[in-house]
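This report concerns only the one structure given below.
When the chains are written out, they are named A, B, C, D, E and F in that same order, and each has its own residue count from 1.
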Amino acid sequence: MRPSGRAADAMRAVRFTRHFTRHAEGSVLVEFGDTRVLCNATVESRVPPWLKNKGRGWVTAEYSMLPRSTHERMVREAARGKLGGRTMEIQRLIGRSLRAAVDLEALGERQIIVDCDVIQADGGTRTAAISGAYVALRDAIRKAREQGLIRKDPLHGHLAAVSVGIFNGTPVLDLDYDEDSQAETDLNLVMNEAGGVIEIQGTAEGHAFRRDELDQMLDLGEKGIREICDAQRAVLAEG
Amino acid sequence: MRPSGRAADAMRAVRFTRHFTRHAEGSVLVEFGDTRVLCNATVESRVPPWLKNKGRGWVTAEYSMLPRSTHERMVREAARGKLGGRTMEIQRLIGRSLRAAVDLEALGERQIIVDCDVIQADGGTRTAAISGAYVALRDAIRKAREQGLIRKDPLHGHLAAVSVGIFNGTPVLDLDYDEDSQAETDLNLVMNEAGGVIEIQGTAEGHAFRRDELDQMLDLGEKGIREICDAQRAVLAEG
Amino acid sequence: MRPSGRAADAMRAVRFTRHFTRHAEGSVLVEFGDTRVLCNATVESRVPPWLKNKGRGWVTAEYSMLPRSTHERMVREAARGKLGGRTMEIQRLIGRSLRAAVDLEALGERQIIVDCDVIQADGGTRTAAISGAYVALRDAIRKAREQGLIRKDPLHGHLAAVSVGIFNGTPVLDLDYDEDSQAETDLNLVMNEAGGVIEIQGTAEGHAFRRDELDQMLDLGEKGIREICDAQRAVLAEG
Amino acid sequence: MRPSGRAADAMRAVRFTRHFTRHAEGSVLVEFGDTRVLCNATVESRVPPWLKNKGRGWVTAEYSMLPRSTHERMVREAARGKLGGRTMEIQRLIGRSLRAAVDLEALGERQIIVDCDVIQADGGTRTAAISGAYVALRDAIRKAREQGLIRKDPLHGHLAAVSVGIFNGTPVLDLDYDEDSQAETDLNLVMNEAGGVIEIQGTAEGHAFRRDELDQMLDLGEKGIREICDAQRAVLAEG
Amino acid sequence: MRPSGRAADAMRAVRFTRHFTRHAEGSVLVEFGDTRVLCNATVESRVPPWLKNKGRGWVTAEYSMLPRSTHERMVREAARGKLGGRTMEIQRLIGRSLRAAVDLEALGERQIIVDCDVIQADGGTRTAAISGAYVALRDAIRKAREQGLIRKDPLHGHLAAVSVGIFNGTPVLDLDYDEDSQAETDLNLVMNEAGGVIEIQGTAEGHAFRRDELDQMLDLGEKGIREICDAQRAVLAEG
Amino acid sequence: MRPSGRAADAMRAVRFTRHFTRHAEGSVLVEFGDTRVLCNATVESRVPPWLKNKGRGWVTAEYSMLPRSTHERMVREAARGKLGGRTMEIQRLIGRSLRAAVDLEALGERQIIVDCDVIQADGGTRTAAISGAYVALRDAIRKAREQGLIRKDPLHGHLAAVSVGIFNGTPVLDLDYDEDSQAETDLNLVMNEAGGVIEIQGTAEGHAFRRDELDQMLDLGEKGIREICDAQRAVLAEG
């Protein structure tokens, strides 16, 4: 039924490659099937101006797609001279989601910026980015703790994101580009490992969706996020 | 319990003033309590470049806050030279929501732009804007039909938006600024009159919210949207 | 003779509505007939960088037209990414005019910004804005004095603005849009209540105007400004 | 009395050097004392988009100061990424003034742009620019007529500009930088050779000025403009 | 002597990975040691406006560094709102170099854009980018020929780039970051496989360099470029 | 052979006019034949932020062409809102070249900015600019030494720039516009008076150039730069 032949509740292959580049404090290539996003976490010893001298830190994110990560080449935002609305929305979403997993006071007066650059897009870039950024963040914090910059672990627990939607009338998990471009409804979920909702963003592209459809999608999302959290734990256990 | 003394499921006073200014094809001042947004709908006989010669129309929105609509004066985006991320997110949301109520083919090759300018802010400006923009859109379409520009009514039915949230542990309807700034969770809902969900956007500001909390918030939202749709029908019945 | 039927020396109805919005220290809706401008004055406890530690304050203004305040919708300057030349000219004019009425030393090291947003345009928006901004400025200063921020009244006396022009060969007072778009000469005058000239800006749109025509226009302007100052005094006397 | 020792009604030395650069259709270096502005007129065979197919031409101007034309180096507007308000005001003034001297229909569907670049500033750069731009415009039109592009002379007659002001209580003609920076009132006048006013822009920097002061300044301005027009005629007579 | 232990005339390991991403017509990851650049070539069926209807094509390039490709995180140019001078210089250099290898008439009215995005930087990013872009260009042209878009091979022959410099008084080939940051002279060379110079850009960072030093650097460069061309041929022979 | 009738190794007339404007600390009009560039050097008592408190100074340059310095009018970069790539490349080149002649420590914590504005262009504007900027820099430093701001002379010796190229198969010195627009190769050289190379930037516009062609061009360049340095010495000797 699904173009990829997957079952309605099946995730694509999820893979995290740590230490993908060598300069960043945390550097993770995350793959959800053919979607590939490079997540680099940078620890900086300064905070944004409005946070100065408050004894707290900050976590933020930037998101960008390489011009030819997509079927058609996109014009570079740096060449246009401004960020598009979609980019801003996504980087605000990633930042808010990550902050939900971090005790900003335990971080101290420092900032962690996670750069999420899409190398290849096949649907679900923002959910892959959040899931990978979490691992990069974790590596960056580990390094900062080894260097004695941070004493207490500021991370609350695992967090991941996945998209769900209604495709040909059926709720499905983790939409790829073929599904995404035809889905009637698209819902992005960010949840913690306990199943608590951190962000929910859904749009009816076709007909407005009913409460029971929303419930089915939430069930699928919970399942997917559990699996992504498992994959995160596995790769982080490698030391 | 609520700073305003309202019951958990009580909306603020909702008011629509049609024909608020004289040049726009649809001009509505919407008030949700002390939140006041001017929604002006303009009908243009051209479509965006990527829609040319496709036999379909377009509906879009722009959103802005007057610098002193808020407690502290905000710097004008025109002076900064760029739109902020929040503004872009909101105007994209308004546009998507309105398009869900319109048959773009019936509209023909024309564009309707709804400008939503916040005159005074007290929480819920985006949901008030969507609810008011719908009325302005309706007036603009009525005028275009009277002028013989559009033959078939392109509007599917009523649509409104409201915010719900968790304040002091209790789910509440239609948050004002005092509540919004302290809420643990903030959820914006756009629904049609039949209770179908068009947009759902929720953020856990404090703890991640549970499925049962989400259900309670959705119930409150449905109630609020029913009331706003009633108010829309009443004011539009005045002819 | 005039499209509106007014006598050559007749002003449109001038109305000031104070406390139009609730957050600004001074908030006035000014109407010159169908021209409606919202003037919000904000008192800030800082001055521009080049005025720091000089013991003086500053008064400045910003001007903007809502996209559909006009017959045809105008593109938003925030969307364009820059202020147009006309906007800059007008906001510089408003700021200079207001400063002429204020003792900047008595103001102390604080800044008052008056935002003038045109809700509906029918000619004369800049002169209405100056006349309304004066009232908003007065209210903001009154509030600052009540709060003990300013001891001595920094205001020198009343100030207002009006446009005059030559329409169909006849000098006329307070041009509306129909006149303005066809006038041979357009002259904006800012004067104090004693008839002293603060700003004079005139442009011959058709033939160059003669000294005697200039004299007639100045006489009309003086009369109009006297009437606007009377209206200001009346509304401010309400307490 | 005046820092320069000039009489109240004395102009600085006015000089026009034609053919100052070789590429422009009209190229004039104008000097008002130590103020030096290079005015280059370009004839283009196209008009702005909004004038297409209307059978009329356009005349416009751009104005800029070299960074070190002034006492203190100014940051380049190209480096800032935007034109300042003063620049826009001045180039709009120059453009409007020149158009008042040109029959745009006789010009045909072509545009003349006059670039006014200040090489050295000592007060009165905008009035020198207008006076010099007129000569450059005349040379450009002469060339276009020789090439058979324009048949009928589109120029109405001479036009020049000068500043007047009140310095130490006395009305004076053609203020230099020392006077300008201390003047109580500054008035820029653009007039035709018949004494008709094309533009009048006056600002009270100190006290509001009286009608009799305005009259004295207008008399001085007329005298100055007569002298500049004479100088224009003399240099243009050289062929 | 060299921090890396390499001989003065030794290149770092040069590697080209073709088909690195799946959407671009040519997609090559080039590595010069730890420097990694992703080069994606896009074939578009349109040319820049100034080339329309001239029967010729165009080849251009864009260059960017991921924010954390470097030791310290760099601010994103898209966030700044403009391209830096170094970026512009490099992308102009890449574009000019590639065009020197292409018969633009044989290309027909189409444009090839090569996006060079630095994933990890360790010196020599621009020379790696040119060398890799050539391979991506070749793959993109191969595809266009297979699709019948281009009949005649528009490529003249191989082309590569390398940096040479004077490090601790000795001319060396292919500087890495440690060398580059201390080199007295830095020279970038683009040459064809026949040893003809396409671009030469050299800067004395310390003392001005002598003609004999220039000669030694050119010899080293020729050797390096011969080796890179060999590597290009080897990887392209894989089919 | 050359359009100008010059011998292959002949420079155009080189002229330096010092004290061209009166405000700048160093002000030089440099002419290479019909190419005229105004070079104004400004001494500022501050350094760029990244140089603060390091005990060293900075020398930088800005470059711009007046819109009608060229055959066709160019759009002003200030109006476009950004600097073009060519402008950035050239001003970076001028700045690097000048710094090669200056002991930045002897300069102390101050910055010298040299503004190079092209009044009239006929090829070789960047090499004329560098050669003239050197003289302006020298005058500015002389003034700063007279004022006691700088004790030790921070200038190392003379420095100049010239272009060489291959025109109709023959290496030629100091290309003018007619040659430049048809040259097969264009090479810009910056050298000191001892013949040491400071910058070399060459581009093959047609066929890639051979090593022996490069040698011939370098010989011509050395000859030209010797002559320009002589002219600099002569004009500076005038006191």
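Observations, loosely collected:
By definition in this document, contacts are C-beta pairs under 8 Å (C-beta built on N, C-alpha and C of every residue); 3 or more make two chains touch, one makes a residue touch a chain.
The structure presented is a predicted model; accordingly, all values stated were derived computationally and were not measured.
The chains that touch both chain A and chain F are E. Ranked by separation of Cα centres from chain F, the top chain is B.
The equivalent interface to D-F, defined as the listed pair sharing over half of its contact pairs by residue number with it, is B-C out of A-B, B-C or E-F. We define each chain's centre as the mean of its Cα atoms; on that basis chain B and chain E are separated by 51 Å. Between chain A and chain E, the centres computed from C-alpha atoms are 33 Å apart. Computed centre separation for the pair chain C/chain D is 28 angstrom, with centres defined by C-alpha atoms.
Shown for chain A are the residues that touch two or more other chains, namely 81-83.
Moving round the ring of chains, first from chain D across to chain F, one meets them in the order D, F, E, A, B, C. Put simply, chain E touches chain F in their complex at residues 82-83, 85-86, 88-89, 91-92, 96, 100, 187, 191-192, 194-204, 207-211, 214, 218.
Residues of chain B that touch chain C in their complex: 21-24, 27, 34, 36, 38, 40, 42, 44, 62, 64, 66-71, 73, 76-83, 87, 113, 115, 117, 119-121.
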